[in-house]
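Okay, so subunit A shows up in both of these, paired with subunit B first and subunit C after.
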Partner chain A sequence: MTNPRLALLFVAPALLFLIAVLGWPLVQAVILSFQNVGVIGTEGEWIGFDNYAAVLGGSNFWRALGRSLLWVVANAIVQTAVALGVALILHQKFPGVRVARTWIILTWIVPTVVVVIIWRWLLSTSGGMVNPLLIQAGIIQRPIGFFATRESAMTTLVLINSWRWFPFVALMMLAGLTRIPSDLYEAARIDGATAWKRFTRITWPLLQPTLMMLGVVGTLLSFNVFDVIWLLTAGGPSQATQTLPVLIYETAFKGYRLSEAATVSVLTSLLLMGFALLATRAMTASEEAR
Partner chain B sequence: MRTRLLAVASLASMLLAGTAYAEPVSLTLWHMEQPPHRVQRMQELLDEFNKAHPGVQVKQEPQSWGEVYAKAPAAFAAGNGPDMLFTIPDFTTLIKGIDALVPVDDLAKDLEAKHGFVPATIAPYQYDGHTWAIPAYNMAISMWYRNSALKAAGIEVPKTWSEWKAAAEKLSADGKYGIGLPANKQLYTDQTVYSFMVNSGAADIYNEDGSIAFDKPQTVEAYQTYADLQKLSPPDSTSWTWGEAEACFASASCGTILQFSVINTYETQAEADPADLGVAPVPHADNQSDSATISYSNAIMLTTKDEAKQAGAKVFLAWLLEPQNYGRFLTMEPGLFLPVTNDGAKAESFWSDPIVTKYKSQVETMVANSQTGKLFGFTTGKVFPSIGAISGQNVIAETLQKIVVDGQSAADAVKAGQARMSEIAAK
Partner chain C sequence: MKRTLPQSLALYAGLAVIVLLIGLPFWWVMSGSIKLPREIISRVPTMVPQSFTLQHFEKLLQSTDFPAYLVNSLLVALFSTVFTIALALPTAYAFFRMKFPGRAALYRLILVAYAFPTVVVLIPIYGLFARFGLIDTRASLVIVNIAFALPFSIWMMRSFLASVPRDIEEAAIVDGAPPRVILLRIMAPLIAPGIASVAIFTFIASWTEYLFASVLIVSDARRTIPVGFAGIIGQYQIDWGLLLAGATLATIPVVILFAFVGRWFVTGLTEGAVK
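Moving on to the complex of A and B:
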């Protein structure tokens, strides 16, 4: 394919589709953020940067941003650790490994609402299984509310979300592991390298491109998670799990301040676009250095 | 009155005969009664109505309460809104605010004359000189318990807050919880907290001029008592909605709960013994003499500007409230939906339902409780638009979380709640 015009013609439908479903709503959100529309479907007046001043001058946006960052980092740590362990196991040869590789994605393909129902039931103090198990194991003395305090609610949400997403990350890592030439490991073994050295000197460095890609994609995906948080805690207790997507929803559809919600959306989009740009540059620089 | 009735009757006869229009009037009804058995009962009623009224054809489009607050305004803005829409009082203020609502003054007067509305059910829809919706069914919070559990603990049915606390403490034994009170930032918690507020004399959250009247000693007393009792609830009650409370009661883990109804859960997932299922008014503050409660009358709004459709919708609503039809409408969820009309409360079609018959004494108590119902933001005869946002953002429940989760004093939390409501009202 050397004809640029022909190439453009081929990608044009996809580009037009993207502009229609992504670009146009984004433009509408920007317009909305400069107005004072309350309820969806009503008219508003042009108020310039008032919404931006109110959002950036208030505390709700910054607190929600802080929670979003905590959410992203905690999910990244838990998912990376669990997924790496699972990927390393699945990279080994043992009976049933093919079945394990297939079934590992089960939690990822279960619909969110089912995940929520399962965990709500498991963690309930009225008939749930987790509390009795923890009591029998001597870890706790009496039933606890996993979403009852600020700290436990966020921790529980991170663990549930990580439980859901780690198979996807593990499969990506497994794909990265299979790309590492096996003769490198053979040579290391001949040289007497221990398993730990083989991991730190071969596996970990050569897995970096995959980890960086997962870091970027995972951050963007985690940052935008709304369904699990909303269905399990609705941002509570006492706003402890109110991340930016939850704040946007609450402002628009509970507080009936559509323009203010659009302002938070625009600021969030700018943040994420900035992050994606920086991450892409860093990845490119890393590739070139290699 | 006579002229108006004649006009409605003649219009109805024209629609019945199908001579007024070449094509029948087609009406779309949005309701939020999503469970399949409710949709099925509604369809049975619509089929019956449509067959008897060839000039008016009504079709249902079930929606969810979770989505309709955003979906309905968007649909009206796009010109795709329904002709009739189920509502609760704060949702009505939202739809009225976007000018999608048609007053139903004449029909309400006619139906009042014919059937007699329970005042508490229509009052939240009457303001700004008009009636904005026709009440359809009522729901009121009551206290539920098991007679056997109270008897075993040697206690009477509590009537006051101190009696309730003593009972809950006695019932808290052997891994069971004496009470199940939610503390989630959610509508259920708004409802249960307000059930305490109306029982301490803190029913009004607005002053006559629209300013917020939330911060007062009676409100603080209600929150303090609620928080004290909530300590006797299961530890996960900070994330409860209605379902978890019902499950806790059905599994006998909770001794007493506040709920609209537990009859369905008790019948299908618990003992199903009507002699043991107890229901009573929500206990009141020790310094009050009577119990009150929160009640939510669900209603139906007219949301079409087309006069022919409005006329058709009025024929449908009048038909629905006829006692022979109305009871079957209410028993789409037997033991939960309560009558809003005086003759509906006596209708054979209501009391002959098998579940209603089985739990007759409980339903009678629920109906009696519902007569004293109030709803936050709709108690002074004036309705202020900010109630939609105050309700939508669950400020009442949010205030409770400041005590239960953040450890603030009741006085400080209520003060913060007052500031939050005032901030919302000012926007």
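Moving on to the complex of A and C:
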């Protein structure tokens, strides 16, 4: 149908809504980052690039950025590995496969606070299931506090967040798998290719576009994770799990340094936008090369 | 094709691991919610409850604000869902079935909105809402939820709209049906699975939203489950029975919803992703 006036009429409500609720606040965030507002609701004055100089000159931002990168990479590795195995299994035919494909996403549809309670309880030193199981298996001697040390807190958070997200990633991979023509596998089988060969020569290369797409979307999604971290460790112990979103929240709503938080926000968005831009460009380039 | 015995064994072993990995934690929580306190914290964890009690649910519903959180969450999620569909349907229709100048650019703009870190707009949105007296209202959460669900919802409707044959629309146009009728009476029923996907996505996103709900809502009676419930965690000296009962009650609504439209949702999620 070609009726530009009507089309714009259809698009306008959603567009105006997004401009008002996302676009305008985005502009405000930039404005705030050039002022010195402390507590929410108070007035500030223009101070130019002072906030940027302070944030980039201090160590908090860089440390949080490092943790965010670690967080994104660790989550990507764990989730991709587990999700690929799960997707390959769900790609098979077996009784109940449709039920399995639907309900696998259970961990993703419950509120984060439920995920938090599940794991706080299972990992707790009194009554939790995980410590006794690990002791029985001979892996540890005494119950361990999973959120007690810097390294274990980060590792545990990555594993819990991956538990929440791997089914989502697996479904996306499954969608990519179903797109691979089945006659390729038939032909390979007739030629006597082993299962491993079929995986490395057909599945893996043809899954690349899906993996690239997931790499971009997944990076943005895990970068933004806030509630799991906040509710389980609040960024601790001693800032070991304070990623950029946690730093922004703490600076604005615990430290009452609104402009400084806005500055970190703007820097974070620039980083993510740059990443998204480069990644999508690389993706289109590799698609054209195909 | 037939599987060899080792292949079958590997497949079912893998399936068993998945079921345990996802099912076991939920089973422990749900079965834990009906155990007596001493069994919950016993040194030797039990797989099957050895005791039965509803005391945790009673305490949760009678001496905490959990019922209010539940109602608030349902209200916020339902209103967010209805408005998101109302906004996403015409927009997606225009984007994927009509031609107009600036279409590609506008579509890209909407996708960019999806990629943005939500925490970035948290601070200015607080300021904006304060100016319009929206702080501490459930409406503020509905507005925010719509804004965050909308880009993804438009994107998700794409594959569903693409699957409707052009002739159906063209026949309606020839018959002189106005665009409103075409959209609501002809297209909407045909892409019902797509609308269901959007509905469940928005519902879940609103149901689980924590960050904005924690900042925009001030009074306890207006809190949604994620924030209200998180407050209960800190309030009581770790009463696991209470928390497990709450986790169970917070899970049930999405599970019921998913039992009806889960299949469509998974299709919507995966179809859009590969096209």
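Simple rule for what comes next: the second predicted complex is superposed on the first by the 279 of 290 C-alpha atoms of A that agree within 3 Å, B and C clash if a C-alpha of one lies under 4 Å from a C-alpha of the other, contacts with A are read in each partner's own complex, and residues count from 1 in each chain.
As a convention for this text, contacts are C-beta pairs under 8 Å (C-beta built on N, C-alpha and C of every residue); 3 or more make two chains touch, one makes a residue touch a chain.
Please read these numbers as outputs of a predicted model, since none were measured by experiment.
Subunit A is touched at more residues by one of its partners, and among subunit B and subunit C that partner is C. By the touch criterion defined above, A:Leu22 reaches subunit C but does not reach subunit B.
When the two structures are aligned on the shared chain, A:Phe199 is found in touch with neither subunit B nor subunit C. Of the two partner chains placed around the shared chain by superposition, subunit B is the only one that A:Phe147 touches, whereas subunit C remains out of contact. Using the contact criterion defined above for the overlaid structures, shared-chain residue A:Ser126 touches subunit B and also reaches subunit C. Of the two partner chains placed by superposition, only subunit B is touched by A:Thr233; subunit C is not.
In the superposed model, A:Gly85 makes contact with subunit C only, not with subunit B. Contact with subunit B, but none with subunit C, is seen for A:Val39 once the two complexes are overlaid on the shared chain. In the overlay built on the shared chain, the residue A:Tyr256 is in contact with subunit B alone; subunit C does not reach it.
40-41, 120, 124, 126-127, 252-253 are the residues of subunit A that lie in the contact sets of both subunit B and subunit C, per the superposition on chain A.
Subunit B makes touch with subunit A in their complex at residues 69-70, 73-74, 76-78, 94, 97-98, 183-186, 234-239, 244, 247-248, 251, 253-254, 388-389, 392-394, 398, 401-402, 404-406, 424, 427. Those residues of subunit C that touch subunit A in the shared complex are 1, 7, 11-12, 14-15, 18, 21-22, 25-26, 28-29, 32, 40-45, 87-88, 90-91, 93-95, 97-101, 103, 106, 110, 112-113, 115-128, 130, 143-144, 146-147, 150-151, 154, 169, 173, 179, 183, 204, 207-208, 210-211, 215, 225-226, 229-230, 233, 238, 240, 243-244, 246-247, 250-251, 254-255, 258, 262-263, 266, 269-271, 273-274.
Across the complex, subunit A meets subunit C through its residues 1-4, 6-8, 10-11, 13-15, 17-18, 21-29, 32, 40-41, 85-86, 89, 92, 94, 98, 100-114, 116-122, 124, 126-129, 132, 163, 167-168, 171-172, 174-176, 179, 189, 195, 210, 213, 220, 223-224, 226-227, 230-231, 245, 248-249, 252-253, 258, 261-262, 265-266, 268-269, 272-273, 276.
By the touch criterion given at the top, residues 39-42, 120, 123-127, 143-150, 153, 232-238, 240, 250, 252-257 of subunit A touch subunit B in their complex.
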